[in-house]
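In what follows, subunit A forms one complex with subunit B and a second complex with subunit C.
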Partner chain A sequence: MKNRKRKRFVRITVSVVIICLLLFFLQRLMMPKYSVGTQDGAMIAEYYDDEPKHNLIIIGDSEMYENISPLVLWQNYGINTYIRGSAQQLIWQSYYILEDTLRHETPEVVIVNISSMQYSEPQKETYNRMTLEGLRWSTSKVKAIYASMTEEESFMEYVFPLLRYHSRWNDLSADDFRLMFHEEPVSLNGYMMQVGVKPAENIPDGIPLADYTFGDIDYEYLDKITALCKEHGVELVLMKGPSLYPYWYEEWDEQMKDYAAEHNVVYLNCVNKEEIGLDFSTDTFDGGLHLNVEGAEIYSDYLGEWLQDNIGISDLSSDSALSRAWKTKADAYEAKKSEKYKELSD
Partner chain B sequence: MKKKLIGLLLTMLCVVSLAACGGGNSEGGNDGSNNTPTGNTSSGYTFEYKGVSVSVDTDIETILDKLGEPSSVFEDPSCAGQGTDFVYRYSGVDIYTSPSKDCDKAISTILIISDEVETPEGITIGSTQEDVEAAYGTDYSNNNGMLTYEKGGMHLGILIKGGVVDSIQYTSTALN
Partner chain C sequence: MQFVSYSFFLFLAIVFVVYYLIPKRFQWMVLLVASYVFYCFAGPKYLIYIAATTFTTWLTALQIDKLKAAQADYLQENKSLSREEKKLYKTATKKKQRHLMLAALLLNLGILAVVKYTNFAISNINAMIGLAGGQPLGYVSLVLPLGISFYTFRALSYLIDVYRGTIPAEKNGFRFALFVSFFPQLIQGPISRYSQIESGLFTPHRLNWKQVSFGLQRMLWGYMKKMVIADRIVVGLTTMTGDTAAYTGAYVLIEVFFYAIQLYADFSGGLDMAIGAGQIFGVDLPENFVRPFFSTSIKEYWNRWHITMGSWFTDYIFYPISVCKPMLNLSKWSRTHLGPVLGKRLTVYLSSFAVWLATGVWHGASWNFVFWGLSNYLVIMISQELEPLYRRFHQRFDVDGKLYFKIFQVGRTFLLMGFLRMYDCFDSVTTTWKMLLTVFTAGNWNILWNGSLMQIGLTAADYIIIAAGILLMFLVSMSQRSGSVREKIHAKPYIVRFVLWTALFMAVLLFGAYGIGYDATSFIYNQF
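And then the complex of A and B:
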């Protein structure tokens, strides 16, 4: 009798384990592979592969991850930077990414891109997925999912992505099998390099708005970001990147200036800032929305100097381990640059 | 045991396969959709430019030839390849488009930017609030001087500054 019971227990246990394993493999197979598809969804997860010794963390959307070159910040100023960026990252997502980051390390300075203050509601599931899927599981991720979900989304689909991606079976390619367990990195410390030139022309003015006030929820999360940085002794810089479009209204700029003054934090608006030295007839690859690699290098050089002069950020260039790591990264950066130029000329 | 296990696995695969036949997009809702209907007609307020009827939530491609050459076209590719928005500038008016479920260039906003053009009801930049109320009535909501008329699933927003019209916007409610 006992033997029969034991056999039954073993049978059930083995069956459950096999089913779980099979579902796990299926899930890994079906999930989108950002490193060969829409690469903007890959960077949040890539952060965990870098040693958490950064003295500068930058959090925000493509205005950060396509405009700033961490290599220039290291080579010219000894600033060890990681950009935790994702497509159309919302302000509450930035907060939870900051929370997640502070579990791993405490940087001297955090820059948060505040262009997302214009959005008071989740925008699109695709963007949510690109931001949230790469975050490691923690209470921050759970809260970020609940704060971000559109009406059509469900929490269980984030816990078990197979429920969301099961219909990809007819889109599967060899890459889905090859990259099931390890995706290739697409960024250099969170920077997504772009090449090519498309001059900025005919940038539309902003559409007049009835009310320019940022939403309550935006301020709520900005307050949380400010409080969290103060709690951890991190210098917070609120930054608007140099992108010329979407339009950054003067009324928005004023609100950020007032907020910064009231909360004793720094606000840096880089839109049309002449001293940066950007030329939007040559330094952008998409008509003024983002910078190409030459533009990103110019902007990063400005930013590094600004951080040293105004914030007093440390120069870590004497750290030999970091220097060695950055030497390898510099080689990868130059190789990627050559590859991108070659693709452009082909 | 083998039979039971195979049966269990087959059942599981059937469930996954059936689920795979269900609706939903394959990549995180990557449909570039604003759920806007498309077509050439609208039950809302319609703008006219050079005798051509221009309505929000319709496909601009169907009227581009008739509108003539725009003075400029601005491309705004969205983050991560989720479609491209466009801004077509004509004399006195900007027409904004976004990808919708049914077409790549659904008109999302028509913005009158100068007194060179007027609405079919005769309102232009510089008209008075009294002119606006005479033309469109008083059934509007007023948010900081933006008089918003709702009709046929779209909004007509007329911004009053200093007692006169400062901006006229035809907007798709899909943008709300």
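And then the complex of A and C:
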């Protein structure tokens, strides 16, 4: 009798383990591999592979991760930067990413891109996925999911992504098997390098809006970001990247200035800022939305100087461990640049 | 709460744990609370409907039972009454019981009629007003309470059974409430009878792993039918039926086939889930399908399809009408004036007419369903009339019992039922007729092989999955003929069982049409 019971117990345990393993492998297989697909979804997860010793953390959407080169910030100013960026990152997602980051480290300065203040509602499931899937599980992630889900989404499908991606069996490629357990990094400290030139021409003025006021929910999360930074003794910089498009309205700019003044935080609007030295006939790869690598290097140089002059951010270049790490990263950066140019010329 | 939802799995898991953890005498109470919680997910405001039906039928049945008891007591105490006096007393009591039952019937059928058929009635009145050039009436905004047709029929069957003396009235209103609202059968049946599930609902159950695993297996099979087949094939079906100008002729034949598969996989899949969920709690719900597509005639088909509804109409409409006084008088008259053969059949035809009219109306508030019901009636009656001719033909050509002839009969029944079912797919009766006519007139048979079927929203992969699913359903049906498939699998070594059920689970998980990117379809029979 005892033997039978034991046998039954072993059988059930083994069965459950096999099913769990099967589900685990299937899930890994079915999940999209951002490093070989839509790379914008890969960076949030890559942060955890870098040593958490950054004195500058930048949080935001493609206006950050395609426009700022952390290598330039390091090489010219000794600023150890990481960009926690994802496509169309919403302000509440920025907040929870900040919360997640501060659990790992406390940087001197946090830059938050405020172009997302224009969105008061979740936009698209695809963007949510690209932002949230890379976050490690924590209460921040759970809250970020609940804050971000569109009507069609389900929390369960974030917990078990296999339920979301089950139908990918028809699109599987060799990469899905190769990258099941480890994806190749696509960014350099969160920077996604772009090459090529598509000059900005005929940038249209913004369409008049019925209401320019940012939503209550945006302010609610901006307040939370401000409070969290203050709580951790982190200098907060609210920044609007230099992208010419989508249009950044004067009314929006005014609201941000007022907010910054009221809450005693810094606001830096880089749109059409001549002292940066950007030339949108050569420094953008997509007609003014984002910068190419040359543009990003120019902008980063400006940003580094601005941070040193206005915020007094530390120069960490004397840290030998960091210097060694950045030496390797610089090599990878140059290799990537060459590779990208080669791809472009092909 | 849909059966195909994450919340349902969570709900089921919680109810399961609580059900088997609490003292057994409280188990049925857990099911009652769970059923009402389940119903609340459809909208708490609809609780009033199910509560009203439950209360009125329970109270009426109780009153009827009391009258019966009072009658028995009275007759016991007054043994000296003459036979005539006893008969008079019994008739008077029976009359009171009948009035009570009719009042409850009218009330509950009235609720059903108002919420389900008001707008249908208004649309018909408006059509007549339109002819007279008058001002049309406005439509009313009424949402159909979840499963109202099912729980009303369940409650009424109980009431009539108590009236007939088939079962005693349930004294405990909460127990009766559980019978009416038991959540696995709430959405789309089966339309169980009180006597069928009473013992399952109220007998304490010990955790029986075989029973639980059989229940889960049955549910899994239901999910396979619903999610892998029905919800995938429906994409192609709605593309075609949604554009009656473009998809005519051979497309309609494809629609006939697709809809037959979709409806069966959807409805029987939902019933598999319901029966499986019931089994998890030790409640055996009655079967609703017995391989209907293996039927060799429409009559046989209706004995295998939606069985609990068919038997409900037979027991509570066909027989009462057949033996009611006016019908008996008519039978007597017709035998005298029309001859013994036609005279005998006339009452059957009239009773059947009532049954099929009610069946059509029950399925939906539109003329399409009325015509669908009456078309079934017509085909069954004609088949019955031609029966002697068929028999002679079978004898003459010696086809009885021959496999090829059986296959022909099965195919014929499948097609005939498929054509009749198309009333569901189009917006009017005339459109249905026109579309069916194009099968014979359009002459576009080349769509079957020129790749046109790849343009209806289904990919080659979809067709492969659907075909594999149908093949699996067919093989399971074939195996069912010699006994329970689950029992057969259960008799196999553990490794075989494990591989089979895990494979089915993985197939549902991977090939099921669910989540974002798929239009989640609710069960077709939910709306009834």
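Following the convention adopted for this analysis, the second predicted complex is superposed on the first by the 346 of 346 C-alpha atoms of A that agree within 3 Å, B and C clash if a C-alpha of one lies under 4 Å from a C-alpha of the other, contacts with A are read in each partner's own complex, and residues count from 1 in each chain.
What we mean here is this: contacts are C-beta pairs under 8 Å (C-beta built on N, C-alpha and C of every residue); 3 or more make two chains touch, one makes a residue touch a chain.
On a predicted model such as this, the values are computed, not experimentally measured, just so you know.
Student: Of the partners subunit B and subunit C, which touch A:201 in the superposed model: first, second, both, neither?
Tutor: Once the two structures are laid over each other on A, A:201 reaches subunit B alone.
Student: State whether A:253 touches subunit B only (first), subunit C only (second), both chains, or neither.
Tutor: It touches nothing on subunit B or subunit C.
Student: Does the superposition put A:287 against subunit B (first), subunit C (second), both, or neither?
Tutor: In the superposition, A:287 contacts subunit B only.
Student: In the overlay, work out which of subunit B or subunit C sits against more residues of subunit A.
Tutor: Tallying touched residues of subunit A, the top partner is B.
Student: Determine, under the contact definition given at the top, whether A:87 touches first (subunit B), second (subunit C), both, or neither.
Tutor: The first partner, subunit B, only.
Student: Using the superposition on chain A described above, determine whether A:211 touches subunit B (first), subunit C (second), both, or neither.
Tutor: After superposing on A, A:211 lies in contact with subunit B but is clear of subunit C.
Student: Output check: A:125 vs subunit B and subunit C. Expected answer is one of first, second, both, neither. What do you get?
Tutor: It touches subunit B and subunit C both.
Student: Applying the document's definition of touch, where does A:152 land relative to subunit B and subunit C: first, second, both, or neither?
Tutor: both
Student: Output check: A:11 vs subunit B and subunit C. Expected answer is one of first, second, both, neither. What do you get?
Tutor: both
Student: On the A-aligned overlay, A:105 touches which partner chain: subunit B = first, subunit C = second, or both, or neither?
Tutor: neither
Student: Just to be sure I follow: which residues of subunit A are touched by subunit B in one complex and then by subunit C in the other one?
Tutor: 11, 15, 18-19, 22-23, 26, 125, 152-153, 162-164, 166-167, 169-170
Student: Under the touch definition given earlier, write down the residues of subunit B that touch subunit A in their complex.
Tutor: Those residues of subunit B that touch subunit A are 1, 4-5, 8-9, 12, 16-17, 19-30, 72-82, 87, 89, 94, 96, 109, 111, 113, 143-146, 148, 157, 159, 166-167, 169.
Student: Given the complex with subunit A, which residues does subunit C contribute to the contact?
Tutor: So the residues of subunit C touching subunit A come out as 6, 459, 461, 494, 498, 502, 505-506, 509-518.
Student: Help me check something: in the complex, which residues belonging to subunit A touch subunit C?
Tutor: Residue list for subunit A touching subunit C: 11, 15, 18-19, 22-23, 26, 125, 152-154, 156-157, 162-164, 166-167, 169-170.
Student: In the complex of these two chains, what residues of subunit A are touching subunit B?
Tutor: Listed in rising order, the residues are 11, 14-15, 18-19, 22-23, 26, 32, 37-38, 40-41, 61-62, 87-88, 124-130, 150, 152-153, 162-171, 201-205, 207-211, 245-246, 286-287, 289.
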